[in-house]
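We just call them A, B and C in the order they show up, numbering each chain from 1.
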């Protein structure tokens, strides 16, 4: 599979299934497939065993812009891991469509665009400009699940 | 109709059409249908006559987590009421796809996931695991219309 | 073309391609087309040459409600400019579906609905009630790119 070979050549390893902390329940699917669409729930960065990796807190206060960029990149790995579990093969994603990026931000933080680039750049590197391109929102929000610094959701087209 | 029978058996009643407070205008549709998709605008909890039910303010400060969970559940009833008015029959929803949940939150609130479960759990109870499952985002935002504590939007597949 | 004639008759001019400030990179497309859907990235108001027009800062503190309404209206012009560059002809948009509006807001701001009406009202004026109608979310967020006061994303149906 082409995408997984690229991940391997980049030295990137997909994390395990997301594990929520005690007391937090996920009444949703990480990836919802219907026809030629996959709807991807909000993912944050995960450790190898699927625990929230953070870093946690507010970008530019508790988390540097570079750390937040890396967290967005790791959110992409978490998304890819969920897609692989659901689709079987990451090559089934034929087009990235829309990416919704949320940054745990203080009022007035202006660098949300660059932070979410950590996600987009990895997707573009793996899928190329044709399949990988996507429209995007990158906004700063008051709070994110488990206080992680970046959460990213998406919609993609898949082959049947 | 199966879904409405289930609502009745649970003792749940759908609210009337949303009424906005004086001075606030809604230049949009509560449900936009196109082909086999219905796009559902952000809904908060409503009273029986369609007025904003709240509770109002910040979750964990003005509104308890349990109250916010119930408000998310009532947001689901408001969404179902709008779907019924637009589609005629709630059984026409063949698959829930994506749910976007917004919690009126103070910086650092970490329980947005559990709050939005109030919406997801009711949808799953009514529609079952196949049709009811959905991907989801649950983020904490600085402000919501009429200062309600939870607003939820969604996209669903419908039969023609 | 009908929509562009309407824009002209209203004295409205579409801005140039978005220019981001130095140091901010956009790793995404402003409009992503796939089949009969166009996914529109978050757009803020732009000056004629495509620079961020703002106004900047928090609505109700740094920016009045009327200024924010106008900024939402100008966000619509920025979106239409991106759609024209991608689609060639604005008449190819056959149906507006979902609009996601984000207001740069202080905690507790309650007027996000009226602000985003600036976008919706212009779309409805141009496209009419059939093609122009859409579902919508209007939430207040902690931070927006370049600290602009309003950002709006959307999904539309297009003719092939």
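Here is the rule we use: a contact is a pair of C-beta atoms (placed from the backbone, for glycine too) under 8 Å apart; a residue touches a chain by one contact, two chains touch by 3 or more.
Everything numeric in this text was worked out from a predicted model, so none of it was measured.
A.B. asks: Is the contact between chain A and chain C built from the same residue numbers on each copy (over half shared) or from different ones (under half shared)?
C.D. replies: Answer different: the two copies use largely distinct residue numbers here.
A.B. asks: Between chain B and chain C, how many degrees of rotation does a Cα superposition need? Round to steps of 5.
C.D. replies: 120
A.B. asks: How many angstrom lie between the CA centroids of chain A and chain C, rounded to a whole number?
C.D. replies: 25
A.B. asks: For chain B, write out the residues touching at least two other chains, lowest number first.
C.D. replies: 106-107, 141-142, 155
A.B. asks: For chain A, which residues are in contact with chain B within the complex?
C.D. replies: Residue list for chain A touching chain B: 20, 23-32, 34-35, 37, 39-42, 57-58, 100, 102, 106-107, 141-147, 151, 153, 155.
A.B. asks: For chain C, which residues count as touching chain B in their complex?
C.D. replies: 95-99, 103, 105-114, 117, 120-121, 124, 133-142, 155, 157
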